[in-house]
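Chain nomenclature is as follows: A, B, C and D, assigned in order of appearance, with residue numbering initiated at 1 for each chain independently.
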């Protein structure tokens, strides 16, 4: 903490891109443009139609500087020096030699002295949660999460020449392998069975004999991209002549239809039991005598009738499914997973974080600048806040007080009075347009201003011009 | 504990009935006969078709001795003396005066000295869990639970003349009010709304103004029965000239189709996610922008498509529903709720509990009598043991080590080796016939005997003749 | 629970003794007489002066009926049948063969069928906490605890002919081995070192090679007694021709001066810190540089000064030691450990437990009999209640609501108002004399009666004549 | 975290002092010099003899720049912008108006926008744990903790003109009030009673009527110092014409002789019980009948005897007091409380934190520089590591991995093999001299180097020259 945050060296192209993106008015459009840059020249539309969740794809660019500025080993070295990187918490030391995968983390802080010693002896280094330490990675992921509507995470992998750090395995996330430095030899394999297509959980480490033949084999070079869906087995190793640094950007962990149904269906059943007496009627007196595993071989007409009653009830369940409320449950989880937005200088200047109130020359300055009905405001990002109902009360959930460290903070929210929900919805749906505080559909001017002040103090809205 | 268990006085008719029932070979038939006695002269078949879960019914017998021997205030007085009855745990002191319901439990043990003082000052006494203190109540309930396939419970209520102990309310169980002594004036009311028909939870106490007019009003006398389903509001008060003692026998708490679906549906979804890739596919990238409560007023074709995808998945869920396994989950809960069987002298003599091994004249006697392949055995009750599979292993769950105190013991079980499941199923399905140990479908005679010994030592089986 | 509590057969002599003792007016005197019977013909005074906590002693009586009626194997057999004896909780099955000590407890209830099978195959049976199952043992121990001023416990050991159930070891209690049936060969050994004299904890099992030569070797026969203090190693085995049944009565676990000091000294230090500024003064700035293990070899005058300051403060501590309050802490522990008193018929008739209020012929009888200022009362036992101060409030602690199962109930108490403490002290110190309620030193007659009623309802006092 | 750590402006004098101190070879001497600067011109020796823990003292310097550079409101404003300061965790907003003390913390992050708003409306701001945010405060406290041998903490108080933020009260620490900006009017009062001299706990807020007349009343100006011991009541308020910023440096919380005795005495009793049979002897059989609060008025010779036995045992306790081990328990608490050392550039260059191993130009550089037997090493600070024995094993406890946030990390330690304790003691006692690794009293050169490497990697030792 004693010094400036580590920088990633001269990443001029990326810096320029990010500056351009900062001027894109709508955060969703910004997310789409950044994602397009990530997979360019593949068109995003075609990618999501033909490739996403379906098959691996490779982009070879012959342009080692394409991703320059995103992250570098030099930045990593700087991070080791300046941040409290703990072995086993933020960083793993691994090796995969003669078919054996090992982890070598000692206890305590990872300082360059020991990390580089491990590296020199052939170990791979994995930096977890790099968004907590690198502003650029934070910025990129916080933009991409709006493209995915699901947490965007990342790990960084540094591998010495001629070594491999991990056994073949598959993951439970969509993976974008972005080669930053050097080269890496990759092999990708089909899911082994139908059951391992788009799997719910990651696999254990596999033996080479278990995984068949690769469907894709390539040497990734700096500036290249490799994408593969969850369930595709993969392994990467370094050629003898070059180290490798890559970042894997991931998303869509537990973001399937089934994950939504896990929220929806118990709620649907609760509602059905409240509203439909058929669900509350008693089971047959004697059902235990013909149902259950010990009776499953019995040929009993009562079994058929029982099954058909169950089927009919399950069909009716659809009528009671509170889909929007279940989506809100997923949305809340996502808001909790989100990175906080990284503000541009303009956003800083027009939000609570950069408000001009300050101590100067022995006194407080500019503390009087306040919101009035003429002030034009909007939410800071399309997805930085959301109105959800938990049955009785309506709450506003928001990401602007989240931490760069995953779940370090609780999900933040506050209750919205019934008479303010219209105003909040109006604000959210107006994005990216600014609207005057006076135009909020509340009763009194005083309430409009008070509501806007509250949202401004939480960092949820910013103003069209600095206050 | 210093003296004999309290007896209920001269209940000759009931004693005779219970002796007769002890000679009924099949415990399910026994249960049915006892239930028929309870509601006689109503025929059980018609009762379950027309009345059960549908409407209250009254049986007036003009026979004050009909239920004699089931329980009496004299037995209650004896229990207070001999058992450690604790206020608030086993017994409640209540009053309902001028529309106000109060509980008057002091701390500590309920001795006659203080209990009768409360009674004399106009308080009602409720004895909880009388089956733990009265053998007859235990016997009756342990038989009836086989009729219901659901826990049979009971409370006993003693009310002084001219008083009422409880406010009007409805319960979450089917109730059989059995008048034992004196008289009680009852009023029963319809469920107030469709939503309160067969309700999941009991109601709070109601004001008289909230409940409308009774659909049934009667003075119950000793020997009479009043049944009403869950959801029917009721209140009872004593006439000025007579006290009242009644026992309420209850069943079917949380025993509805919906309660089974609560076990079934999460399991179905887990299986669907394993077996059907459609459940594992990712949600649409942008679903959070048009779904959720804050978007519920939007008229967006993507919403229609989203709803229809959900509906289609929910319909498919039926294909994956593990009905028998879910029934086994309910069965396990029931086995845990069950009272242990109360053994007849013949059963005692032919089971581990009455095995003749003993200390006599300074030495151990009859310790050698053992099971062999010729021994004829059967399970002690139709429903005292059940084979359930929890995915991987098969376990035998049983009630014979349960306590008379609700859930005082954990649910008892042991694992059954795959090669023994056929033998166990054979035993269970053979009931009420006795089969020779030699006829069990196991490989070796030694194994047959070992298995039978294990079941005998747990009290699950007994022998055709005393060992 | 279905039948009468097990009886111990024709123990006429002991029955007569206990009846005589029931007529002894003072429970302390009763305790002393019973203890004298236990060790007779040794005179108690000499025993406590010369033997207690000092050395083993043997009483051989040539009278196999001396302890008859205390407990028998027949009673044990009856208990197995009637009580829920659980392996590992209430009963242990053990063996000691070829120097190897094993425990053979299966899970579940110990029924005669399996227990006698273990016995026949040479295992020893240890019944824990027999006072919960045998009224006579309960009676004897509840009397003896007043003699010891410390919990009196017991285990019962049944050993088949020609076997040994336990390895040589020493215990942390004073042990009275009372031979009830058959014979047992005992060997007792001196504590091995000074540190094992009157040890705080029991020993592990010893090898025969570790324990030297016995100082006492004897065959104990029915009617004999063997006493040894904690720390004396012992082992007993059965001769080939006779089984053995003995009960070991124990006391003085954690009842040493040091155990009292553990309560006293932290309290003394708290008081010293409140009252004496010398204890609150800061440590020397540099004490960590010359004190501590890493400096313990330093020859530094500051160390000498530091030690002497510590010594002086520790000496002053005596001035602040709240001895009576610490004794009360020990007393509370003892009251919690106590068995509840077992009432004689006369005591029953004159206490809340036997109060005549009852249900008879359809109504409550004798509920009006109440305490008035003329009623003569006293505490039920010298030691059944105690007034303790916890700094602010004064509480009455009492044993009459304890359970026969160790610590099954919390320690019972209630707060005593300051204006009632004199009355309570008066009552306690008047024992064994009865005093009229009117003579209690309270302000108003109404309060005297209310206080007496409270104590009567808790079972702490009884009346000179039945109410 | 996006920017450089906040600086405190042009604190040239303090910067120069700290640079000078960095060149002081011995950290204890450095601590003493810094403390001397703090209280100058008072001589430290006289201060500790006459004033410390005895009475308040005032140093008025007429030099507003004396403490310049330690902290400033401008630095505080910068911290609010750059660090995640949370209301209620790191910062409190308070007021004391018309005798009423209030706290006004909202939830969430404290940003300048809201903090300065509170300030302008007359609230005081207290920054807790400033050492976590200000390097200079960290540096100063981490040096001073070696002077005190007890944790040195700090709070910072910013008060608007004409207001008071806190009610009169006393604290449980020795307080050095260092005026940094503006002026504050202070009143200090004697402890109210003997019992409140050097109190163990802080007081509640007092009313003005409860505290008597001040013994010291003064207007503190920038550059002035006010010291007062724990127990002295104090209050400070701002004059109408100037704000106030001060830092209160504190120490000696729970660092009294009594606090040490709390560790020492239970250990002494445990040892006495092990070694001295008198402590293990049983209490008198009848002690409960004459001891305890209910018997405290009795005039019984047994009471006298009992008291004298207690007194004699307490006196003997001194013989068993493990003073050095108890000091080590206190030392471990202190090591856990300690701030980690803040390294000078020279220390950085010669320790693991500044070791030259790095990534440069696409490869690892200088990773081979290792310790050998010629390398000269010493512990980083006199008090940064300590060897303590916990009975069986010897552990090394150290502060170099502590966090600047209080107790954020567990106390760090590792076990030292018996054959290495001499080497470690030699190293610790050699400080501030450097010794060669070869001179460590271990058996083999390899072991010496391995031990030195371990200590180097933990940051406990540094080398005389950069590796």
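In this section, a residue touches a chain if its C-beta (ideal position, glycine included) is under 8 Å from a C-beta of that chain, and two chains touch if they have at least 3 such contacts.
Quick caveat: nothing in here was measured; it's all calculated off a predicted structure.
Look at the CA centroids: the one farthest from the centroid of chain D belongs to B. Compared on C-beta pairs in contact, B-C and A-B come out with A-B as the pair having more. Chain geometry summary: the mean Cα position of chain A and that of chain C are 64 Å apart. Taking each chain's centre as the average of its CA atoms, chain B and chain C sit 42 Å apart. Distance from the chain A centre to the chain B centre is 49 Å, each centre being the mean of its Cα atoms.
Annotation for chain A: no residues touch two or more other chains. If you sketch which chains touch which, the chains form one closed loop in which each chain touches exactly two neighbours.
By the touch criterion stated above, chain A contacts chain D in their complex at residues 1-5, 73-74, 76-77, 81, 84, 108-109, 111-117, 119-120, 135, 181-182, 243, 352-353, 355, 357-360, 362-364, 367, 401, 403, 412, 457-458.
The touching residues of chain D, counted against chain C in their complex, run 28, 48, 52-53, 147-150, 174, 194-195, 197-200, 252, 255-262, 264-266, 268-269, 272-275, 277-289, 291-296, 306-307, 309-311, 313-315, 317-318, 321, 323-325, 327-328, 330-331, 334, 382-383, 386-389, 425, 428-429.
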